[in-house]
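Read through the structure below, which is laid out as structure tokens, and then see the notes.
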């Protein structure tokens, strides 16, 4: 096999593919094949073993789990390296026909949770309209289209928004750890939250058709559809490129690529691929990945990461 | 292709026989004058004129493919359901042109019933088979009336005795002869005036044949019956008048007695004495 | 690649065998082909079959066996040359020590004492190294073992080549000597072809076995964690479990009732579209339309069945669903944008041809005598159709509809794109429901975790769905059988 | 009709009384039939119109005319003409220079970047491909059309701001009167000005989008093409056809002509029918377990895709073939057996040719289903980004419905119309395939 | 259900007639002893013993459903292709048991050819129809030989004159009578020893019938012929020996002359004089 094989997260897929394409065109190597299998599916394939029938990289929208590291090790895949490639902002957006939402995490929690605290009691979510939560919010039905439980985006959103949102309430702080999880992470099922599948373009089009609805998805889809939809301001920060990059916008998560070091030197082009990925022309603030919606890491972090990855690569050879 | 084959054979000359002067004593129930039937370009019936007397059994005989069935089906416009089939000439039922545009085929067929060569009971119960006609024609208002009609019809078809305990069993479960009688019962349940039977006994064994022949004889009192048969013996036994067809032409028609003992045309003679066919 | 070479060589030998067998048959018959029991070609095929089939069977058996033999040789080598006392120190310092669970006071390594997973690991290690994976943290002698492994495989390839060809030649020779005018070559060849056909028929069985097996193990693991009763009777579906250990997550609920209810609701809507439209189309085409119309309309309708389901998915999600929503809004109804109605309707459109084409066939197949019987009594066309033709065609029509139902239940992409994901237990077609297939797909393409019920649930769902449709088909077969017997 | 209860009505009168209703019912019934067919056809038409309406613009692409000078020292300093060297050479600077030449006033870094972004980032590869085809171009000044970047292309096609009428803008007369605020637009005010300047110079032109038909996948919408997926589909279908047709027909022949009618064949029959109802993704799971894990075949290969789809289409073909075999009149079999043909000779010489049209119908339907299938391929790695056109059934490849699925999930706006265009191609492929099969079927039908 | 129907009718008693003592002058070509044929549980042929003499025409007559076709098909094991059909007893061709396990059916059928009730040419050209048998049996080595066989066979079937200019046109495009003659040509092309004909004229018009009867008479010199017919006239015209079947039993067999003028059994008499059937 003289072709690099990459599997993994559907969130990282749009970024890795651009790098792969540019790598192929620039170096004349065969363009790597990138599969979109989801982070977990990617790790499963990645950790299945060494050799040409197993992939060389895996994309992930979350860090590898310890159980996955164990699986890897038990299959002989011990030398792996984690490369953080940037950030992905998770935005809440609605149709431009409606007003821009300005939300806090607590408000989002109240809009989405299955049970909410009220006067020290947990009651089934009574908020049907946004204005029920806070009179300053529009008098519109709450209808949020979001990813299914199997999606990494959903997990990240729960962690980054719902958890702090819940913690803001006194009732939450009294809970045991398990109960807290149950309270914070169970989303309402009375129609206020709609699981809308993995196809974010479909969500965008649904938002356009339904001005009352609010969607949850990655920043790149907002970026490409600014004429139709607008991002909600969360905790006073609008979901702009600059805000996410600077870390001001609170809902963003890191994206990773994992490297199977044992394949270095066996599969041609892996080093060049990593160099391409870590070039400023790719993942820098002006790079083509940022055009595609990847939020770059700060300069120092990038430099350190490049050093770490490319350095490791050198060590192996 | 059948067209090709028959062309050279249409050279027979049919001299003036009774076929040319169709008359019955009294009024004819069905009267055809210069009737032609075409399948596409092929002519299956050529200028046939004949009269069918009421309350009599008329039989059609003739070699295979001569057009007996075709002509029979022309009498209740059953040919309408064959796309390529076309009928010209004049066929009258009680003096009324049945091919008139104003004629309602549905009613015509209710008046001129038909029993087919192969028994074709519906895949329904015996009762439903007979009740079907009265039901669709709205002949009955109550269940009682329907029961009555079904029973009388089966009785007259000579089947009631054999099936009265199992009217709810499927009609297809009867023997061939019983099925044929069931089809006759089904036909008479709508009180037709004429019953056309196309080789009703060809698929049957001798005993079933005898029963049906008896029945035909009995029905003759109330209905006008036309029967197609391949068996001259049968024609001789059951019919009062016989018509002999050949290659689409009506060669000769007359009293069964006369036809079988003293035919006018030598084709007829050749056929009934078994020199061909 | 080497295998392909072997196959090509065998095929060439068989071809040569054909020519020679044919020639010999002609020669032995003395040019009088009448005296041959079978045509010369059959003698040729006879030789070709004897030459190719045994060799190919050997090849198929050899292929999986060969790496095992090579591995045994490598392990042997490991035991004899590596695992001796003077190497022990080196081993102790390498990664291998961990792998072999070497304790400090151990003086010998005996492979047969190794635990199963350690043994497996050692083999994986050898295989990886032989495949060219750079060794990390190993002593160099592991490379020797790997070389033994690769070397063995190399010889084995050559051996396989020679043995297979020899067998092919021997088979051809044997068959060739048997050729005689009275030899029943045709019967032999035909028996071989019949066996081939039997083999083909078993593919369906093997597929079924394969499907059941590939679902069963994971499903068992699922049921080890979630009780079967909870799964089959549970009313709540919410497969939310933590993805990472350090991550907080709520425990999932795995009651499959809402999924099956959703599947049934959407299939029902689909059937409400497909059955009337399909059946009436079929009736019109079979009984009313003339042949030219039928010849055009039937293939056009069949296009509906061939349109990719992804396309239907878009159509449902972007055209039909918003339309229903809009209509609902204008009359004051609250229609979800993933309404079961939209997904079901579009699915119904897709399966129209299943109902229309199959029903058209069976309606046309109802004997003309049934129609004549009815018309002969003065029935109108519609009376004949509804009261005689359809009842008579019922088994076939039911069969077609059941096939359509099966297709609706198993359909995936339309519902993935157009139906919701939230498991609502509702009978209201204006709300969003989810289906079994949607859940299977989302569970399998989302973030997976093969040790948690979340992903394993997909297999359980697949298995239960499989059993469900199996029951449906058995019932269908019996319904059809029952009526068929009655109507003949 | 209005007979009082006492009077006796003859059957004839009763019949007449109900006739009107019966004829009305007849008319209604016929109307239902026509309505049903019209509904089905209307759905088909709606579907086609929707897709074509969304997608036909993708067959056009706005291009920019550039005069590019290929300096040998940049491309091939040693003048070797070695394809290796030519393919790795840097064409970007030549393209940049050509662009800067069009905008002499853009001198600062910011402005130059905006100028560069007007054309596709893949423009240099267009030129590279030209040079690779004809190395003598090195050292010449060549005139080429390179694709406009997809954002601008979308703006010009009116897909971005439907409120604004771009006709005047396209003619280069007025500056655009945006209804969107600057940050909502895909292109900035400055970029719009540049674009208009280009238009005024007559350098921009809409032309047939040949890249769409010749390229593999790309993350640059303006360079993304369907050809790679089409080739993948062809390989996959070839494998499927080569396996499923003979196996399906053999199985059908055995079950219909040879197998005893007993419990075992009943089980096989139920099985085959049931397989028709198994969700296609489950076939993917099977393929993953059997072909990839057990037999160790490569991922993403059309060979494996073909195998999985074979298993999926087999039931359809077997069911249809059995029906076709049933419809061959027994008299033909008797005729052949009567002159002393063996059973197999009878089947191969007479029954199969007669059943072939029906078998082909089943195959058409099965292959159409296989052509449009996505779900099972998810499991065997064919849902992938594949740029290189596959050269054999063992190369990584994707197929057309998967390409559609992937594009539909891409953030870039221009992929929306390409998704629809790809659907149109797939439908075209489908109709072609059906037409070919229908013709083939006709041939078989007409021969005798 | 046919079972049900026939049960009460199987009460006939068949006295000892010629049926019990099957003998022909010299060696029989085909000899049946105690042959039974069953369709599932239903017995269609009961203990039939008869001899068929070489180079003669034997005709089978009897009412519909009596088992003529069934018995005919038993003579070349054509019944094998009906799943539920089972044959017991002893049927010999030239003294060899044709139901022996060692017998190759394919070769048997090549020796005992068959012409079916309904003409069933292959949907191939006329030439291919006739050439098919010689080809699969490897009777010819060269194209010339094949041409020769096809031409002679068509000639003998009396068809060559009509079709020699269009041997490449489909056999299905011929008229019914021509098709039937084509099937006969096809059957004689493989030089069988016995030819079985199941109602070869039932679908034919008189002229075609006459031609086929002529042919049968002519073929008699070289082949042993068995013919099933519904028409007693035909049996009388073409056959030397006649067997009369009734409800699966062989009632009587003998010289055609004798059977038609002086039948031993009154069932036979009833049938041939048209009192039933």
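A, B, C, D and E label the chains in the order they appear, each numbered from 1.
One rule holds for everything that comes next: a contact is a pair of C-beta atoms (placed from the backbone, for glycine too) under 8 Å apart; a residue touches a chain by one contact, two chains touch by 3 or more.
Protein names from UniProt, one per chain: B, E = Phosphate transport system ATP-binding protein; C = Phosphate transport system permease protein; D = Phosphate transport system permease protein PstA.
All values reported here derive from a predicted model rather than from experimental measurement.
A.B. asks: What chains touch chain A and also chain C?
C.D. replies: Chains that touch both chain A and chain C, as defined above, are D.
A.B. asks: More C-beta contacts across B-D or across C-E?
C.D. replies: By number of C-beta pairs in contact, B-D is the larger.
A.B. asks: Mean of the CA atoms for each chain, then the mean for all of them together: which chain is nearest?
C.D. replies: So the chain sitting closest to the middle is C.
A.B. asks: Quick check for the class: compute each chain's Cα centroid; which one is farthest from the centroid of chain E?
C.D. replies: Chain A.
A.B. asks: What is the distance in Å between the mean C-alpha positions of chain D and chain E?
C.D. replies: The computed centroid separation for chain D versus chain E comes out at 59 Å.
A.B. asks: Per the centroid of Cα atoms for each chain, what is the distance between chain B and chain E, given in Å?
C.D. replies: It comes to 32 Å between the two C-alpha centres.
A.B. asks: In angstrom, rounded to a whole number, how far apart do the mean CA points of chain C and chain D lie?
C.D. replies: A distance of 23 Å separates the two centres.
A.B. asks: Residue numbers in chain E touching 2 or more other chains?
C.D. replies: 106, 136
A.B. asks: At which residue positions does chain C touch at least two other chains?
C.D. replies: 186, 318, 378, 380, 383, 416, 444-445
A.B. asks: What residues in chain A touch two or more of the other chains?
C.D. replies: Only 10, 37, 198-199, 202 qualify.
A.B. asks: Can you check the complex and tell me which residues of chain C touch chain D?
C.D. replies: Going by the criterion above, the answer is residues 186, 190, 193-194, 196-198, 200-201, 203-205, 207-208, 210-211, 213-215, 276-281, 283-285, 288, 297, 299-312, 314-315, 318-319, 349, 352, 356, 361, 378, 380-383, 385-386, 403, 406-407, 409-413, 416, 436-437, 440-441, 444-445, 459, 462, 465-466, 469-470, 472-474, 476-477.
A.B. asks: Inside the complex, what are the residues of chain B that reach chain D?
C.D. replies: Against chain D, the touching part of chain B is residues 104, 106-107, 110, 136-139, 190-191.
A.B. asks: Any idea which chain D residues touch chain E in the complex?
C.D. replies: Where chain D meets chain E, its residues are 260-261, 329, 331-342, 345, 349-350, 353-354, 447-448.
A.B. asks: Please give the residue numbers of chain C that touch chain E in the complex, ascending.
C.D. replies: Where chain C meets chain E, its residues are 31, 33-34, 36, 38-40, 184, 186-187.
A.B. asks: Using the touch rule from the top, collect the residues of chain D that touch chain C in their complex.
C.D. replies: 15, 22-23, 25-26, 28-30, 32-37, 39-41, 43-44, 46-47, 50-51, 246-248, 250-251, 253-255, 258-259, 266-283, 285-286, 288-290, 311, 314-315, 318, 323, 342-344, 364-365, 368-369, 371-375, 378-379, 400-401, 404-405, 408, 419, 423, 426-427, 430-431, 434, 438
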